[in-house]
Amino acid sequence: MIKAVFPHKDLLGIRNLGRDEIVMILDTAESFKEVSRRPIKKVPSLRGQTVINLFYEPSTRTRTSFEIAAKRLSADAVNISASTSSVVKGETLADTVRNLQAMAPDIVVMRHACAGAAEYVAGIIAAGVVNAGDGAHEHPTQALLDLLTMRQHCGRLEGLRLAIIGDIAHSRVARSNLWACRTLGIHARVCGPPSMMPRDLADFGEVEVCSRPEDAIATADVIMMLRLQLERQGTGLFPSLEEYARRYGLNRERLARAPADAVVMHPGPMNRGVEIAGDVADGRRAVILDQVENGVAVRMAILYLLGGSRS
Amino acid sequence: MIKAVFPHKDLLGIRNLGRDEIVMILDTAESFKEVSRRPIKKVPSLRGQTVINLFYEPSTRTRTSFEIAAKRLSADAVNISASTSSVVKGETLADTVRNLQAMAPDIVVMRHACAGAAEYVAGIIAAGVVNAGDGAHEHPTQALLDLLTMRQHCGRLEGLRLAIIGDIAHSRVARSNLWACRTLGIHARVCGPPSMMPRDLADFGEVEVCSRPEDAIATADVIMMLRLQLERQGTGLFPSLEEYARRYGLNRERLARAPADAVVMHPGPMNRGVEIAGDVADGRRAVILDQVENGVAVRMAILYLLGGSRS
Amino acid sequence: MIKAVFPHKDLLGIRNLGRDEIVMILDTAESFKEVSRRPIKKVPSLRGQTVINLFYEPSTRTRTSFEIAAKRLSADAVNISASTSSVVKGETLADTVRNLQAMAPDIVVMRHACAGAAEYVAGIIAAGVVNAGDGAHEHPTQALLDLLTMRQHCGRLEGLRLAIIGDIAHSRVARSNLWACRTLGIHARVCGPPSMMPRDLADFGEVEVCSRPEDAIATADVIMMLRLQLERQGTGLFPSLEEYARRYGLNRERLARAPADAVVMHPGPMNRGVEIAGDVADGRRAVILDQVENGVAVRMAILYLLGGSRS
């Protein structure tokens, strides 16, 4: 494989990526999908490179996806989770990552509850930084795996119609996808309780706000259901789980209002019976597990493009 | 080594294994023991394969044993423990493992508090599933390492006399061993407080119940002491630790009532002074550490037979 | 690289190392520093060897440093942390490590809250044991990385003047460094609240006690600031953080009293504004991140010398 040159040290968000850069990542990911289907799922691309997964928030799927991606590239993967880390000892984030940098990692994959944390760290350390989620700000590898899944199922990205339904305001997944929509010319509609609509929606370009999910999905090629953060119950953001499910959840009846070939996405983990009905999640239009499979490929691509470009 | 063909996708329990299958696993394990005694303890058998250790209950020895087994086979091992996983976010077990499957693991090693969890998962995912303990149901690799240890010390399995002493009803170790006894023609005697005897003992074939440990061990080739779950204190299952130790614990005096060449086993971790006296645990008749050593070999064999057969 | 022969099975402390042994470790570490600067940061020295990191106390930097060191030597690294281990089940430390030994590790790296824990374990198991901190007793790899850093910045060790400031009595870092001073002919001065001075200081040879940090650093080549254990607040060992910072903390004004070429060290994690001012920590005389970089090299050296000598 001839190595494309990715012109950034880090992957911090979708917002500042150009169209060609996104396409380069997706094309690279496409070529890595095949590796995970071989009997011997391993390429030597990042042999002798060190990837640190620094997670300040608990995560199974994202951390595991990055760890598997790193190992299939032959990198050494080291996991650090905040619960067992010296952050409890009162060290600053800057000192923690400067210390890690002194151990000469090639890439630091980082999840943190604060928006901007990854960018802050990227400015401090020489290693490439991959934002694996920073507060309600960005989650770029999630958006990239979403885009790869859309492209595979719809054959293109430009001109697609995407409906995102749920808590847009607090969702880094939604935000990263909306930046991608702006850059790639995807028509986005969002829908959710008014209390869950962001105030800065205009920043993302021409995003249509629909008050009813039926309107959001009516012409959609792709329906993206967001996870309802159950810990938000009782905060006044929405009346009840039942009410939320009835008003915004994607069940069979509601899905019937969308075009017949629209696909259903969800970033996981799913609350079955809340934002998505079980039969829709398991139905033939759901591409949720394709998203997960593409997640490994996208993360291999990112690690390869950032790590490889530095060796 | 010529590869034996193991005719199952998963290892869920001992109950459904045939005699020849058990012997095949033990023979394969025997051949792997030597690997852990080399200066370079590594063979390339599972290079480029991914083994996920998915543990919903805390474990040191079993998880470590599987992880070391995977790495000595050159597999990529990924650990997931429930305490840091998205199970806390309310995702169903089925969704969690479908997600893991989408990352293309070859084998998922799984421990879960619910009986039947591994079998349930095996029916959902394409990867091979190894049951590393499911509630009080089965713990097949423990029984297999017990069998390997018995065979090495007694020279055979058929016709052996095994005494299992302790909380039979709540022990997945006991249950897996009792299934093995039925299949392999090992004579089993069990002993413990009446409250700790299972109601379905007849299912395991001809198991003798002894009310006094002296009777259980009188003609035993192998004495297997079970760990007393200390958290069961005060539940009425047994009067007190002291009483339990005096009535059922294996001390030197009691061991003297067994045949002179009987060996003593324990699945660990041991409560010294409760179910087993310290001098017995450390005595020359204890083969408890042989069990642990055989544990790595048996797990290498299982990963090899399940993983290798799929590549 | 021609292999030096390290005449010990374990690294338990600095106290019992001879001058030549310390120098051998530092020289070996020097040769490994270059590995972490390559694009492919990996040598095959410990391929097929198993290194277990057994941490009974939380740690980010030390565990990560050992894990990275092991992986760059191509060893298989297995992490066990007490919070998820069977120690919660009441197993003795001796039984836990005998069990690990039965899995045939080559080296066990161990941190434990009890002084003497590593030595106790080393007497039980055949694997090499590396003490990664045992209570307030020793932390030999920290002292070795400190020595390597001093030697690099000062050009020599014998005759150097080292000031250690802080809670000497409770610091395994200070104790390991003081043993090194005695063996290598480094002149040590210590300073801290009287409640934090050890009673057995005479054991370390000629250590000068200064009541004021200005006196301790007046002629120092190296100033080592110790971390103040914040959990000691309110125990009467020192009046308040502010008072401690004012009396003993290293700020710019105080540092100006030291020789112009004195370097500043800290074992981390730092309490900025307590034992060390932020501008000193970030200043050009601080060699704190060099210490961390040297930490990986020193740990590679130790694993190599202990592991390699046994294969």
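Letters are used for the chains, namely A, B and C, taken in the order the chains are written, and counting of residues starts over at 1 for each.
Operating definition for what follows: contacts are C-beta pairs under 8 Å (C-beta built on N, C-alpha and C of every residue); 3 or more make two chains touch, one makes a residue touch a chain.
Being a predicted model, the structure only gives us computed values, none of them experimental.
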#### Entry: Homomeric contact chain B-chain C: same or different residue positions, threshold half
different
### Summary
Per the C-alpha fit, the turn needed to bring chain A onto chain C (nearest 5 degrees) is 120
### Query
How many angstrom lie between the CA centroids of chain B and chain C, rounded to a whole number?
40
#### Entry: Sites on chain B at which at least two other chains make contact
none
### Query
Quick one: in the complex, what on chain A touches chain B?
36-42, 58-61, 64-65, 67-68, 71-72, 81, 83, 230, 268-272, 281, 289-290, 292-293, 295-296
### Message
If we count contacts the way the header does, which residues on chain C are in touch with chain B in the complex?
### Response
47-50, 52, 76, 78, 80, 84-92, 95-96, 98-105, 310-311
